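Below, each structure is written out as structure tokens.
Two complexes are shown next, each including chain A; its partner changes from chain B in the first to chain C in the second.
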Partner chain A sequence: MTLKVSAKDVNPKQVGSFAAAPRFLKLLSVFTLTLVLIPLVYLAIRSSENGWDSFVSIILRPRSVQTLFTSLALSLTVAIGALLIGLGVALILGKTNIMLRRLLLVLMPLPLAIPSYVIAYSYLTINPFLRGFWISAIILILATFPFVAIPTYALIRKINLNQEEVARTLGLSPLGVLMKVIWPQVRVASVAGALLSALYALSDFGTVSLMRLDTFTRVIYTVYRATFDRSGAASLGIMLLAVSLFVVFLERRGRGLVVPSSGQGRSGGVLAIGNYRHLAFLFVLSIYFATLVIPGYVLISRSISVGNSINIGNLISVISNTALVAFLGASVALLLAIPVGILSARFKSRFAQVIENSLLVTHALPGVVVGLALVALGARYLSGLYQTIYLLAFAYALLFIANSLGSVRSSLEKIPMRLDEVARSLGQTYSQTLRRVILPIATPGIFAGWLLVFVTAMKELPATLMLKPTGFETLSTSLWTATSISQYSQAAPFALALVLIASIPSYLLNRPNLAEREVMRENKDL
Partner chain B sequence: MTDIRIDGLTVYYGTTRVLNELSLFVPTQNLVAVLGPSGCGKSTLLRSIAGFVAPKAGTIRFGSTLMSVSSVQVPPERRNVGYVPQEGALFPHLSVSKNVGFGLAKGKDSHKRIAEMLDLVGLADFKNRLPHQLSGGQQFRVAIARALAPAPNVMLLDEPFSSLDAQLREELRYEIKKILKDSKTTTLLVTHDREEALVMADLIAPMKNGKIVQLGSPQDVYNNPSGLETAISTGDALIVPAIKTKAGKIYTALSATKPLRGESGNVIIRPEEIEISFKKEKSNAKVSEIEYFGHDALIHLELANKIKVSARVAAPVAVKVGDRVNAKQKGPLRFFSKN
Partner chain C sequence: MMKRSRFFALLLASSLLAACSPSPDSTTSPNETGAIAPTGETLTVYSGRSESFIQPFFDEFEFKTGIEIEVRYGDSAELAAQILEEGTRSPADVFLSQDAGAIGAVAADDLLQTLRQESTSKVPSKFADPNNFWVGITGRARVVAYDPEFISAQDVPTTIDNLLQPQWRSVIGIAPANSSFQSFVTALRQIRGDEAALEWLNGLAANDPQVFEKNSQLIEAIDAKVIGLALTNHYYAYEVAESLGRVLEVENGFFASGDVGNLLNVSAFGILNSSKKSEAAYLLLDYLLAAETQQKFVSETSEYALLPDQVPPRDMPKLEDLGLPNVTLGDLSDVTRTQELLVQAGLL
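Right after this comes the complex of A and B.
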């Protein structure tokens, strides 16, 4: 039986395919990408405004070369330090039975939530004469070692215990097991974590400025403030951006190489290191002491000592300013991210991948670069937005859109495609399916992601300094202002409020629940 | 209510051809089971009919209405098909009655229809539950009710029972078959479970390498399979070497004599078609192993020429391992030439 197709069978209105993404999603995604790229493209244009020769002469200036060298040295030092400390902490928590293991594990991600400039500030309060390369490096290492420790720990716990036991029966000592069984399996993840530390060091502005170390971020800010020489600052910004993108490139390449450990079998287990475990305990404790206890003590004690002179009204208005801009920024980031998230989670096309990847690399954008780009763009073309909180909120959106996209995408990916199909077969168009099925299910996850961006944006410093309207202060800028005129104690309440309102919630939201997950798994085994 | 006419359907995933000029006719109000191993393309066939996959060539029609031709695809939401994927895929955020009413236009009639559907699947008391508060069997019933509620042209069931345990599966088969029959909906079901296909379907369509190789009633396909694969996919099958003479007579390894020449090939014998008896002087086989199932048993036999066959016998089992017995073939001889 052959059925011929005749012209009257075909209703042109019916053309459309299930697999192809609806056009409005593609258009909105392109819009998002364009919006994100405009400031960066403009920065590039601006840096070459005085001609290619001028650009080259700026980046070849001795001061630029010196800055490049300092920045690279700092980020390399931070990467190595974070790698060593992160590996050490992960190994000790994952492979030994030290005291308070669970508590130390739960606290492990906390340093990531505390802005490094708050740690730097608390050390300066104790000793106002601290400055320079090494103290900056140490603070950045303390603030970022969890980038290495968290993934390394997770992998260490996943390694099949049978592998280690087989290695022992084949004649390896515990140290041999560590070097020949464990290290090869965690190496890629640990180094990728260290590259994130390096990236953080490259884009950090607060710590190096407080410690008066001339890296890119501080020099760009100084050049911009002192001379309003935006082309010069823009050239340096492009240099910084190039270095950052290179680090992201390395990190993303590495991430693809992580070999998943074989899932079956027992995992965990303890390396017998005898009495060395007391030493190990002291090591972990001292890291936590320097990262969490000292800053915590300083913030609380100084806040109490200036307690009477705190202007509560001012503090509240600063807090509400901070929350307002962060709220706007997180919301804009979410709105821009949603179409791209839907496109990349539900339609796995090359088009979606290109847009998604271009947006994800924006997590490499240093706040200083985004601030500079928007200042330059705003002053010249967007005078209506310049010096308003809306431009600042847009800066936050640019800085955190990658995080937002990540959470949108992962919430959407958990929803089986079958639900889309069933909804379509029940007569719903794609937009109806989105509205009635996909978004309602994904909302809690998307909201949690929004909340995380919201609290993270509250901690942003350099872009806020460059873009805030005159007279408008946030927690981070108040802390900065007080510190830059050496009024360390006066800054304490702002720092404390920042930690309480932003750092601790972002820690609670983002905590990988390492310890809890383990308890659950152990209970399931019983 | 309509039939499904598929003609020359070809589907590619990338460069892999999944459906190869497949043709199939599903008569109105019939339940047709497409039976095939995983990877044979049966889910792709179903998804093409539902409109989730765009075929490269060929046509799909519901009755005389064209649904799919290479240049034009009616989008899934305008095909009015009832789709029941594996594990039901209920909307986790909606109650049972909202799930069932999902495809209905809002209004007074929709409440009536939802109640009707819930009665049909026996879940009227569960209408306010959320999917995760239901058992696997209940979830599946809701999925059926949800698909049937808008009175679809055709029902499409994708390995519907595969996630349920064996006992529940058997109960549901009859129940769902009855519901679909009563609703007079044309249904296409794809499965790799031969028992499911035999029990549920009016017609069975074995599938191989992206093509439907046969279409017939369960009995017909079981008794007269069109090929070795079809025979194996519809039940236990013994493949025994055989010779066919010019005169058309077929001799198998079980025959007492052997012709000097003829076309060599295989015959397919179902284990229940082998009869064993204790005739010492005529014994041609030795019992090598017994697989005991309770209601019956599979007796594995080794013939003189090392060829192995097995016979299904009803309990109680009278033979034991090592016995010498006479094995005889009693059913039709289905000869398939070697080439």
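Right after this comes the complex of A and C.
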């Protein structure tokens, strides 16, 4: 093979720039973006179907305003609660030497993997009287505090000990150290985490519905279900979308501002809080107890109590339904994300940035909104796909493409740009380079991302309820149909299967990135 | 829900088949012959009747005729909305509605076939659509279900207006997303006019009712003492008791004779205009209106049979002794306006 290296073939200025990006990548990326935007644009069209005045009058209705108020109050409460508990847990695990610290640390991300409606369901099984704002808020706080705790913990471990010691020698109490030294450094990351909790609360459907609290998601689903004129639901969907996008905007603005940790000097260390240690231990333990132990106990004990009457054939077919459609969804999400991921990781440009950002915002899309948009679009224009697992899989792809894109992009970014240059200087076209060099190296990371979307999609509830084919039940919809007082026990095996099949794997997938690595690092330090 | 393994195995198999060969239109199955007894055909039914009620009947029909039934279960209002949205492309062949209102709305959009006279004339004419777009299958009485420990039989409100009193604050359960409740409100509009109906709804909303998704949840909530009374249909008390296998702390009460709260509604059957399987659909209709099946509705699901001279279910009064309000079922189809009022009152 002769090396044909000429200025024309490899222009160092061009490699890695937008102009050098192969045309098919650009076209495919635009295709992905279009596919993602069509349902949302259609929803907007649908909401104004009866004219702009009707749209405005729906939005200004007392009921809509009340719903907006409830939703905002809930997400604010959840954000504050998650901030306080997340900070508390992160501080205690990061700055004290309480009992079982390592174990508690490793378990920290687990609540994120359990759908909040499973927690809500298990509490209702114990006490069917529960309803309303506060119990919804408490459950959502318990389910989402790791959004705050995980990044805060990571930063706390990096804070330079010298600063603390200086502060201490200047006479600051541990509380003073906390407020004046630690808080300013973790503030941005903690608040960003709290905004994720707020976003979760806005798009949560299962918990508020089980607790009969009228936030946007429940009202949209009710209006969608119970009224013939679906432009009303579409208008509320647009309202919810606007609020969610605003929260994403806040979150993304904050994310750029993370305080760089001071690289020099020792970090870690323990705050001397004496006997408050026990109190701190009890605090963390009670949070874990409420979030993990109680639901776990309910699911297992109720599953055992209905053990003999479980229809195994039914359960297996429901599980295979769930896996099949989640498999399709994760695969579609990956296929759509790959071109955009390559473009934004290997050919950085404004164009790639715009596409990537537009897709990343989709993580704010509530399942109810995606379901609504696709039902409307499907029933009118896609009769071949409507009520099939393919449209449902596409809904999953829409909902989780941001996760896919994240994993594709970060796996590709780690590969040195020089490899592209070498491959191309050896006469490979870009698609050959991709196929033979870049993608094989990135495959493990991309696969991990696919797996994460797969297990996440298995837990999806509202879009699945709206789009599932006739007679097709998944774990989440079976759990949902069985959540009336008399059937709480019958629902337990489905909930338990959901936790075993979806929640625990997604926890295991996440774990190495978070606490585990931290623990390993500490062990190395010792 | 335990006898469904065959059902689910079938569904799994069919969804896998669908996965292998996506056919754009499920109604053009190669089996379709148009013959009188199309054995092996699949009929798609949208059922507002819940699975626990109606699936055993579908099973028996499948067994007798060899016609497979694929059912999409949902609330009647939801399924009606879905058919309205799907229009002539609806995959459904049959709509089995829980009440006359939801199916009336579908009929009003010209989406249902005119049924043959010989089918609709089996039931008294007041239980069928005047234009024969649908026919009633079973009767269900609106009742006020209550906890006998919470109130005694003589303290049951005599009129729906009494429910707006402060003594019922936060203890009334309703399921306003459900089409039976919506039909009751449509009847209220028919009798008192929209303005008075809205006023009543506002009064109810101001009394902090507890809102549930489904009628069966209302019964369970009474039994669990979460609420004291609920506006629902008569048979849910029996159904929930049966599914729980025990006696419930729930009684059915009635308003005074003639009060709109005593509405008698029907579950109703219609065949979609777009269906290419009307022969199979008529077989299903004949089966549902057969004397034997009607008796089974009385004994198994505790509903009223609509054929003339039938016994009432359980300890319920006879059909003619129910103290029904003066309402025409065929006129309950303007559900859209009812829903607007419910939205205005903040109940939806």
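Going forward, the second predicted complex is superposed on the first by the 490 of 526 C-alpha atoms of A that agree within 3 Å, B and C clash if a C-alpha of one lies under 4 Å from a C-alpha of the other, contacts with A are read in each partner's own complex, and residues count from 1 in each chain.
Here is the rule we go by: a contact is a pair of C-beta atoms (placed from the backbone, for glycine too) under 8 Å apart; a residue touches a chain by one contact, two chains touch by 3 or more.
Just so you know, these numbers come straight off a predicted model, no measurement behind them.
Comparing chain C and chain B on the residues of chain A they touch gives the larger count to C. Residue contacts after overlaying the shared chain place A:G51 against neither chain B nor chain C.
In the overlay built on the shared chain, the residue A:R380 is in contact with chain C alone; chain B does not reach it. Once chain A of one complex is fitted onto chain A of the other, the partner contacts of A:S425 are limited to chain B, with no touch recorded for chain C. In the superposed pair of complexes, A:P416 makes contact with chain B only, with no contact to chain C.
Chain A has no residue lying at the interface with chain B in one structure and with chain C in the other. Interface residues of chain B facing chain A in the complex, by the touch rule stated above, are 5, 7-8, 23, 25, 47, 50-54, 59, 61, 65-66, 69, 71-83, 85-87, 89, 91-93, 102-103, 146-147, 150, 156. Listing the residues of chain A that touch chain B in their complex gives 1-3, 5, 9-12, 14-19, 416, 418-419, 421-429, 432, 436-437, 440-441.
For chain C in complex with chain A, the residues that touch the partner chain are 1-2, 4-5, 7-9, 11-12, 15, 18-19, 22, 24-25, 44, 70-72, 74-75, 77-78, 80-82, 84-87, 89, 91, 105, 176-179, 182, 210-214, 216-217, 220-221, 223-224, 226, 240, 243-244, 335-336, 339, 342-344, 346, 348. Those residues of chain A lying in contact with chain C across their complex are 61-63, 66, 128-129, 131, 209, 212, 219, 222-230, 232, 309, 311, 313-314, 317-318, 320-321, 324, 375-376, 379-380, 383-384, 386-390, 469-473, 482, 484-487, 490.
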